[in-house]
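Next, two complexes with subunit A in common: one pairs it with subunit B, the other with subunit C.
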Partner chain A sequence: MTITQASARTSTARAPTPRRRVPLEPYLYLLPHALLFFLFTVYPIGYGLYISLHRWDLLNPVKAFVGSEFYRNLFTPGTPQADFFWKTLWNTTFFTMVSVPLLLFAALGLALLLHRPIFGRIFFRAVFFMPGILTVSVMGILWRWMFDNQIGLVNAAREVLLGAPPIPWLSTEGLAWVPIVIGTVWWTVGFNMTLYLAALGNVPISLYEAASLDGATPWQSFRFITLPLLAPVTLFVFVTTALASFQLFGQSLLITNGGPSRSTQSVIQYITEEGFTNAQYSSAAAMGFVFGLIMLIFTAAQFGLMARDVKGGEG
Partner chain B sequence: MIHPTRSRSFSGHGAAVLALLALGAVQGAGAQGYSGPKVQLTFLHGFTGPDRPVMEGLIKKYNDSHPNVQVRGQAQPWGTTWQQLPALVASGKAPDVVVINEDQITNFVARGAVSPLAPAELKAAGIDKTNFFGPLFATADYKGQSYGVPISSVAYVMFYNKDLMKKAGLDPNKPPRTRDEFLKAALACTVDKSGKKAGETGFDPKALDTWGVSLYNNWVGARAAYAAILQNGGQMVDKDQNAAFNSPQAVSAVQFLVDLVQKQHVARPNSTEEAELAAFSQGKVCFFPSGQWYLDRFEQQKMNFGVTFMPRVGGTVKDAAWGGSSHLTLPKQRSGYDANKRKAALDFMAWMTQPAQNLTWTSTGSLPTQAAVAKNPTFAKAPIGGIFDRLNSVYATSGYPWVGQVMGPFDQAWEAAYLGKKPVAQALNDGVKESNKQIEQARKNFQ
Partner chain C sequence: MTGAAPTTARRVRRRMPRDLPRFVLLCVLALIFLAPVYWMISTSFKTEADAISLPVQWIPTRPTLDNYREVLTSPDGNILRWTGNSLYVALAFTVLHVGLCALTAYPLARMRFPGRNAWFWFILSSLMIPGIVTLIPTYIMMLNFDWINSYHALIWPGLSGVFGVFLLRQFFLGIPRELEEAARLDGANSLQILWRIILPLSVPSLATLAVFAFMGSWNNFLWPLFTVTDVDKMTLPVGITTFSQRYVTEYGKLMAATTLAAVPALIAYLLAQRFLEAGLSTTGLKE
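For the complex of A and B:
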């Protein structure tokens, strides 16, 4: 490789040919990734689209073209798909709306606390980060046990400390979200906290010194120095957390199995059910595309809004 | 859905091996064996837990005693097999023998992944279906043809706490069999924290100290309702394979269970499987209906417990309990597939399901698949022997290609009824309506 580079350099330096050949080398560098990208991203997406437009089953030699039937199902009231796809999509959206602010503010709060040189801060950083290394199954079972209707620690604590009767967390619509949201925050807040800690470390101390000379209160320093300088990382945390929340699957599957009455079922769990429990692959593929499209629009909108904010913050 | 049932430990392994020697004489009777040219078979199964070495031991034994057949076993998780099998069959690379579970088999049959076992073939291989428990063998039947031979079986049973029964003035050696006996026993077991019995004035159903029976809201809990419906002569699907678990028989059977919570207060409302399991382990509840796979756990705990068949709480028509099973099947092969391989595969299936091998297999926690094994003296004193008189009444969810479309809504219906969110009839009607909508769509895939 070095020889090729060297000879290429000398040849262009000595006698530049009037028309250069298309350089092959950069494309060779790109090739491995491009191959994998086409094989594992472009091709599956195309094949998925094919599946969603046909009545598809691997074992059925006839894969009849049905056009938009499975997409229309989603918009025809009364079909199971229309009922449950939008219900579970709303569930997922609700979870995102509740969990994202919590994950954002909790992470920022923890980072601000642990950025200061308080006693044992390394220990606490580790404590808050550690749950994130657990698998979703461990986390799910743990929180299901904590909030169990009869034997859960939460109900036991309520009884001992408050003398209050147990609450059937896992089988009450609405309340069933509590273990899922708390569990998710406990599980993933450490990662966001670490991002904020890194960003806080990059804020120049001179800015705070200048501000204190000007007589700024701590709140003013935070509001006009820290927060604007954290805007890029906030955008990043917001977008990644929102996308991760939309992909809710394991937590509600393990803690409530989507119950009661599908009230905590996530849209991905429903798509999985349609595909692999009901063997309706085409229908599941169509739902996957609609969900993917919604996510794309959502992400684009988020980037658009937040990018403007970031610019505004810096300007 | 993944069963927590398919891998268990080795209690009684030594005893089973001893008994296996005793059964040695029976082995081979009726089977002519494969005598063609030497063939190699691939055998895919999902016994990946502690049952794996037992299966591998059996395969080795078969290979050692059958010089012209070499079986190469491959263990992988069930879910992987369900995902791979269609692709393997479609591409003509299916293994020669595959184990398929009860909740998947009819779907694979209807989609054409499994080939039927002709009566003549079964006979030539020495497989006699009358040796097996009827409903168990029929699990792999579809439209009058057989597609698999049962190799492993689990069932819903009822564990009971002998000490607690004694305390309640019940005979711990006579677990209830009928609805009346069951209700009487459950009421006797139910005492609130101030010592008042169910039905007494001042009895507080919200503060139970001990209670009659464990009911709860997940799919395992729903299997009690499944048993009750069958016991009352109800069915999950009608003859056209549409959902039918809202028949009057079904409503009345499920109503009895729901009343145990809401009227009789002999079961806790809003409970979960974990909570009831813990309660039974701590001696708080007399009867714990659940999968027989909890046997090991209670044995290790040295509880004074017994195991009996699910009593006829649903009605008086017949004994019934839910069961799960695994079946040896022959996937559909491409044309030109070596006929000798099929013969050898059938020989392997016949050998593997013989009483001697089945007895060995019970050391993994499986139930016997046939009466000849259930009669083995190994089980005379084992707690699980308490259900052997009615093993012929274990029914799997099978026989229709859309088990998911039926059982999903059914589990939801049970949950709504048990939690008191809907009246029983409405919960079951709603479930059937949802199920049939999904079946209508699924039907188009199987034409």
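For the complex of A and C:
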């Protein structure tokens, strides 16, 4: 690099590299990550498709081509794959529908309680955020035990406070969702609360002052100033929380192990069971693609929603 | 809820009584949030008989360290070893990931070359692909590489992630050109510019990325659960799960084990609290 080249560069405004033959340097920087990207992101997608179209048996070196058999299985009622795949997909959807609104409202509520100055604010923020740093296994073991039929704290508290008999939370269909949902809210609400606190901090105070001069009640300021200004962060929280909820795995695995009778098994747990426990790799790969496609459509729809909302907000 | 306090005088007079219910509510919620963690720690110091006795013992009447002693010397698994494994994997991953992302983001943000935008959008589009799609094929690849039960399986596949590239590129774009040009006049090559100018100016975003990479690797559960089945190679989240399967009715020991598993994260959080929450509230929401 000579000085004349460099000074020539400064004179061409906004063009850091002078027009010359294609430089090698940028590509060398990109190379290490690009190799890993092709090996562990691009290639596995094609390889997974290949696996799902063949009968993959680790012990048999010949992987017979079976075409769409494993996909057709998923859409043929009566096969265990079809029954359990759609059942666990519904379980996961149910969990998402229940947990997302809770995680939105609880996070907003906590953020509203904490955003104006109050004694011990930093402490409270830390307390609500802290469970999220625990690994899913600590969280799962803890909540399985909180709702334990015999000696769980929840049943003990019912006994002491209400004199009520213990409820077999973990082994009752329907009720088994309670510890999973409560555990998840406890575990992740702090992240969303932090996002809401950041957004509340950005609302200009002058808006509230103007509103109060006009005689607005606190509820009116909240309804007509705070809520509309929180719309973008709410959409963001909604999208990220919904996507995370569809990835449900560790909570239900560790708290109920998917039971009773698969009523809380998540679709990801079922796919791993089919793949790793039953060694049905091709079938599991096919399920991965079908679930992946559903997620992709869902994600695309939400990104579309976000893009539209951002545009609408600017206009 | 917010605002609507007409004069300063009234605001001051009103603050205490008006804030009191809010404060009490926060205290109740904080107690509810802390109860499970307190219960876990408290039980870890109880004898087995006290752990399951009714009515519940809020404070251990006969506190003991036996649970910790037994868990730490258990032949079924070594918590310290799992912690070491987690630390090694998470540190190696973080260093490699931040380095790779910086190398990739640098030309994407600061150089002009054919295909720059195409490559950026190509790798960025992979964020849309759900991880479940590559789970089985990547697992088969690990089998083929003979990487099952090796740290390689826990480190390398995740390094192809692109969110960090995006994060750093956005930050690098904002660094003023003048600094770079002055360095070029002084004869610096691009690697020197990256090392001496870009990276030092990007410490906040590098630190944010590092914290998230470390946390992501430390808390990773599904992938290590299936790729590492050898007890000595397990990471902490997976190892502690095997403990819970063996000690399912020995609550004192189980809670001592989970308490030990939670301690590194709690310490790290107390040290990095500001970084963590600041990083979270800006990442992803920044324009």
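By our rule, the second predicted complex is superposed on the first by the 265 of 315 C-alpha atoms of A that agree within 3 Å, B and C clash if a C-alpha of one lies under 4 Å from a C-alpha of the other, contacts with A are read in each partner's own complex, and residues count from 1 in each chain.
One rule holds in what follows: contacts are C-beta pairs under 8 Å (C-beta built on N, C-alpha and C of every residue); 3 or more make two chains touch, one makes a residue touch a chain.
For clarity, every value in this text was computed on a predicted model and none was experimentally measured.
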Clash or fit, subunit B versus subunit C on superposed subunit A: clash
Which superposed partner A:Ile118 touches (first subunit B, second subunit C, both, neither): second
Partner chain(s) touched by A:Ala244 [first = subunit B, second = subunit C, both, neither]: neither
First, second, both or neither for A:Pro260, with subunit B first and subunit C second: first
Touching partner for A:Asp57 - first (subunit B), second (subunit C), both, neither: first
Contacts of A:Leu170 with subunit B and subunit C, given as first, second, both or neither: first
Partner chain in contact with A:Thr79 - subunit B first, subunit C second, else both or neither: first
First (subunit B), second (subunit C), both or neither touched by A:Ile268: second
Partner contacting more residues of subunit A (subunit B vs subunit C): C
First, second, both or neither for A:Ala231, with subunit B first and subunit C second: neither
Which superposed partner A:Ser212 touches (first subunit B, second subunit C, both, neither): second
Subunit C-contacting residues of subunit A that also contact subunit B: 58, 144-145, 150-151, 276
Complex contacts: residues of subunit B adjacent to subunit A: 1, 82-83, 86-87, 89-90, 107, 111-113, 206, 217-218, 268-272, 274-276, 278-279, 402, 404-405, 408, 412, 415-416, 419, 421, 434, 437-438, 441-442, 444-445
Touching residues (chain side subunit A, partner subunit C) in the complex: 1, 3, 6-7, 9-10, 15-17, 22-23, 25-27, 29-30, 32-34, 36-37, 39-42, 44-45, 47-48, 51, 56, 58, 110, 112-116, 118-120, 123-131, 133-138, 140-146, 150-151, 153, 156, 159-160, 186, 191, 194-195, 197-199, 203, 205, 208-209, 211-212, 216-219, 221-222, 225-226, 233, 236, 240, 247, 249-250, 254, 268, 271-272, 275-276, 281, 284-285, 288-289, 291-292, 295-296, 299-300, 303
Residues of subunit C that touch subunit A when the two form their complex: 1-6, 19, 22-23, 25-26, 29-30, 33-37, 39-40, 51-52, 54-56, 100-101, 103-104, 106-108, 110-114, 116, 119, 123, 126, 128-141, 143, 156-160, 162, 165, 177, 180-181, 184-185, 187, 189-190, 215, 218-219, 221-222, 226, 236-238, 240-241, 244, 251, 254-255, 258, 261-262, 265-266, 268-269, 273, 276-277, 280-282, 284-285
Complex contacts: residues of subunit A adjacent to subunit B: 55, 57-60, 78-80, 144-145, 148-151, 165, 168, 170-172, 257, 259-262, 273, 276-280, 283
